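For clarity, chains are labelled A, B and C in written order, and residue numbers in each chain start from 1.
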Amino acid sequence: MKKFLSLVLLVMLLIPAFAQAEGTVTVFNWQDYIDESVIEDFEKETGIKVNYVRFTTNEDMMVQVDANPGHFDLCFPSEYIVERMISQDMLSEINYDHIPNAKYILENLQNSTYDPGNAHSVPYMWGTVGILYNTKLVSDPVDSWGILWNPKYMKNVFMLDSYRDSMGVSLKSLGYSMNSENILELEMAKEKLLEQKRIGTLKAYQVDETKDKMVSGEAALAVMWSGDALYAMDLNEDLAYAVPNEGSNVWVDCMVIPKNAKNKENAEKFIDFLCRPDIAQRNCEYIWYSSPNSGAIALMGEDYISNPAINPSEETLARCEFFRDIKEPYRSIYVTLFEEVKSAK
Amino acid sequence: MMDLQLPAWATWVMLAGLAVFLAMMILFIRRNHGMKRSLFASPYALWMAIFTILPCILIGYYALTDASGKFTLDNFRHFWDSNYAKNQLYATMGEAAAPFIKRGTVNVDTLIYSLWMAFLCTVICLVIGYPAALFMADRQMKLGATLVVLFIIPMWMNFLLRTIAWMSLLEDQGLINRVLRFLGFEGVQLMYNSGAVLLGMVYNFLPFMVFPIYNSLNKMDPKLHEAAQDLGCNNWKTLYKVTMPLSLPGVISGITMVFMPSVTTFFLPRILGGGNTMMFGDLIESKFLTEGNWNVGSALSLIMMILIMISLGILRKADPEGEGGSMI
Amino acid sequence: MSKFIRFIKKSYLALILLFLYLPIGVLIVQSFNAGKSRAKWEGFSLHWYADLFKDRAIMEALQVTLGVAVIAAIVSTVLGTLAAIGIHSMKKRPQAFMMTLTNIPNTMPDIVTGISLMLLFIFTKVERGFVTMLLAHITFDVPYVILSVLPKLKQMNKHSYEAALDLGAPPVYALFHVILPEIMPGVITGAMLAFTLSLDDFVISYFTTSPLVQNLSTLIYSAARRGIEPTLNALSALMFIALLILLLIVNRRTADNSKKA
């Protein structure tokens, strides 16, 4: 009996306490998308415990938020997902009285097309999609998406395993909009991606692995988000980043509070904390994306402002477009087409 | 997403019911000496009803309904024609769309590819594993018990980590290629293809082939071997005429234990295959967790389940007593 | 000649063991690498082991993993042993039925088991987390317990239980003092099997928990995409060695016991 009792005790010790009451906030963010010491500082300053959970793609995040209502207090979707979440009535309005630091958000991002008046979302980071390449392995100028199809780089191209990004790259390389809802264009974009497999330049479809693999010189070219590219460039000086002339995607990742969040006020405190210039600066320097926070930009100084990968020129930005939320039935067409690409041998 | 929903407390009521049931049973045993022992199995039966049979019925339910809960066979049409929904839409778009209406073979192709990979994996495991089991069971070498342990130990290392460790071996900048280049050879691309996925599968499932065969060989009476030799069989003939037929049950259960998990592998293609190919498991996962399309996902799961049941049925026929040794 | 053949046999087995242990060796070596890179050796260091105990996510996942494995092993052993005794004393028809039922989870692919349980929990609106993961683990553990206890029951003398009853022992007494000691080896095997299976499970846990409650496998999965932090290598090296020591102790004890006997 004694043995049994000690076993029961052991079990009790092993069951972690799941405090869901006051004093917690559950944050659902991208992989590698915060300086984790910031979380500790927030906990120290406010006494609120942060449950920090990570996701890999916008679509995975949507499914989880949908399937676990009330689980998450704060999420970090990209702008087109914010648009979709608003249209599906999944977000609650943000009370800006609790977020005085929101005044630092850059003016051009304050009244967005995806969320008029930023009623439901506060910008967290922004950036572009471009090509990260190894200058030792690539001799041609990297100024066009076409280089991803150049047979010189056999088995040397990493693509993004995300249907909006890969279809978007393919559409842009054909001169179409990344938000195309024209089936002719979409079918051609699919053909173009299949062609990449046939030519044999494609090495792999993946997401977060890419940056570390580029650092170790695993491939010559990779479609990358600007921040991940800068992170890799910091670790390997042979790497460079370019946004092709055909144009690309510029995006904003936002902080939003799901409708049935249990700890809305704590979530707003967390947002406010992340908008504080010194904290925004730390995050920015850690994850290398472009900050929407004027206070942080002022702190980071000239080096930051003059870096073309972080602050693309006006003319580069003019060629880029935001993702718009693709409505059904076109969204499932994107999904079906990309599935066909991925499963092709 | 669904309209037929039980309230949240329903499961808890079911669980409470189970607890009450258990308590009553214990009381019964104490009071009533004549209670049948077969009732001992009832909590288990109840458990299985809730957590195995009910979920299976749910898969069937989702597979046969659409998003609004109405009966439909579209999900199975979607399996046959992965462009089903797209084609229906294109049909309403007039002539411009007409040339693009064609059957999509993604689901069927992926299934065939998965079966083929599972078949290859099973064959390779058998070819590598049978001699291994044979040598392990060799009584003169007295290695059996130690080797069994040595085969089990790697399985304690987390399956995902073991697979990722292969990645650091196989990468272009990985260990194997570094060694090759150091020795003055050209590097080879070992990863990002079906071969690497196959290697990962063989690595993970090989012990499941070796154990049952070893068990059935070990159970064999050594005198049979001697008798065959006395009757004039040479070593090869003994192996072929005596040992092999007697180890058949082990082989069959090995095949089952390797083939089944191989068909449903997922994750491996993403890590070692670089996401270039998908297996049926990946497809099911992405239907549920990326697209959130549970109806089609359920239909695919159901098809997979039926397929496995059929192949198991065939294997059972070959080994009616189901003797081929248990796990480990 | 026979020596040569024996050499061939041994080298074949050694080759297979090399194949099985190579990645594990790599993993353990990496855990001592000072740098983060998987391919480059940057000097010996123990700092990943130090980081390990500071990593909150890993420690929580370790708690969840062990908690689920221990509870699931206990519950499924009780449930499974009772069920095995019950099934053993059944008449032929119901026995065959129960055995088919027991074989269902074994024959269902993990991914389908996981998904079907996920559907159950979502359908009944039970919030997924620790409890749902535990229920799922018990579900796939029980059949293994039954399958390891049943053979022992078959070996047991049928009449000893009835003899005990005839001699006036109450059924509960007979259960604990007659049946249980005889089938104990099977029960222990079953419990160990249940514990190991749930320790290593990924697929079923993946579908039956929320991203908030992670066990080691799901944690590793979500980290795998960006390259594993060497802290996880350090953890698995430690767990591996712990299990190895446990095994050696068990072996030593059984060896001692057999010597005494």
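General observations
The rule is simple: contacts are C-beta pairs under 8 Å (C-beta built on N, C-alpha and C of every residue); 3 or more make two chains touch, one makes a residue touch a chain.
Treat the numbers as computed from the prediction; the structure is a model and nothing was measured.
When every chain is reduced to the mean of its C-alpha atoms, the one closest to the centre of the whole protein set is B. Just count the C-beta contacts per chain pair and the biggest one is B-C.
Centre-to-centre spacing of chain A and chain B amounts to 34 Å, using the average Cα coordinate of each chain. Chain centres here are Cα means. That of chain B falls 17 Å from that of chain C. For chain A, the set of residues touching two or more other chains reads 67, 206, 213, 216. Contact with two or more other chains is made by residues 171, 173, 288 of chain B. The set of chain C residues touching two or more other chains comprises 38-39.
Partner chain B is touched in their complex by these residues of chain C: 6, 9-10, 12-13, 16-17, 19-24, 26-27, 30, 38-39, 79-80, 82-91, 94, 98, 101-102, 104-105, 107-113, 115-121, 123-126, 135-136, 138-139, 142, 144, 146-148, 165, 170-172, 193, 196, 200, 202-203, 207, 216-217, 220-221, 224, 228, 232-233, 236, 239-240, 243-244, 247, 251.
Chain C contributes residues 37-40, 57, 60, 63-64, 66-67, 70-71, 74, 122, 127-130, 210-213, 222, 225-227 to its touches with chain A in the complex. Against chain A, in their complex, chain B makes its touches with residues 1, 82-83, 85-86, 89-90, 93, 96-97, 100, 104, 106, 109-110, 113, 171-173, 189, 192, 270, 274-278, 283, 286, 288-292.
On chain A, the positions that touch chain B within their shared complex are 57, 59-60, 62-63, 66-67, 155, 161, 183-184, 187, 197, 202-206, 213, 216-219, 329, 332-333, 335-337, 339-340, 342-343, 345. Interface of chain A with chain C (complex): residues 7, 10-11, 14-16, 18, 26, 28, 31-32, 51-56, 64, 67-68, 70-71, 206-209, 211-213, 215-216.
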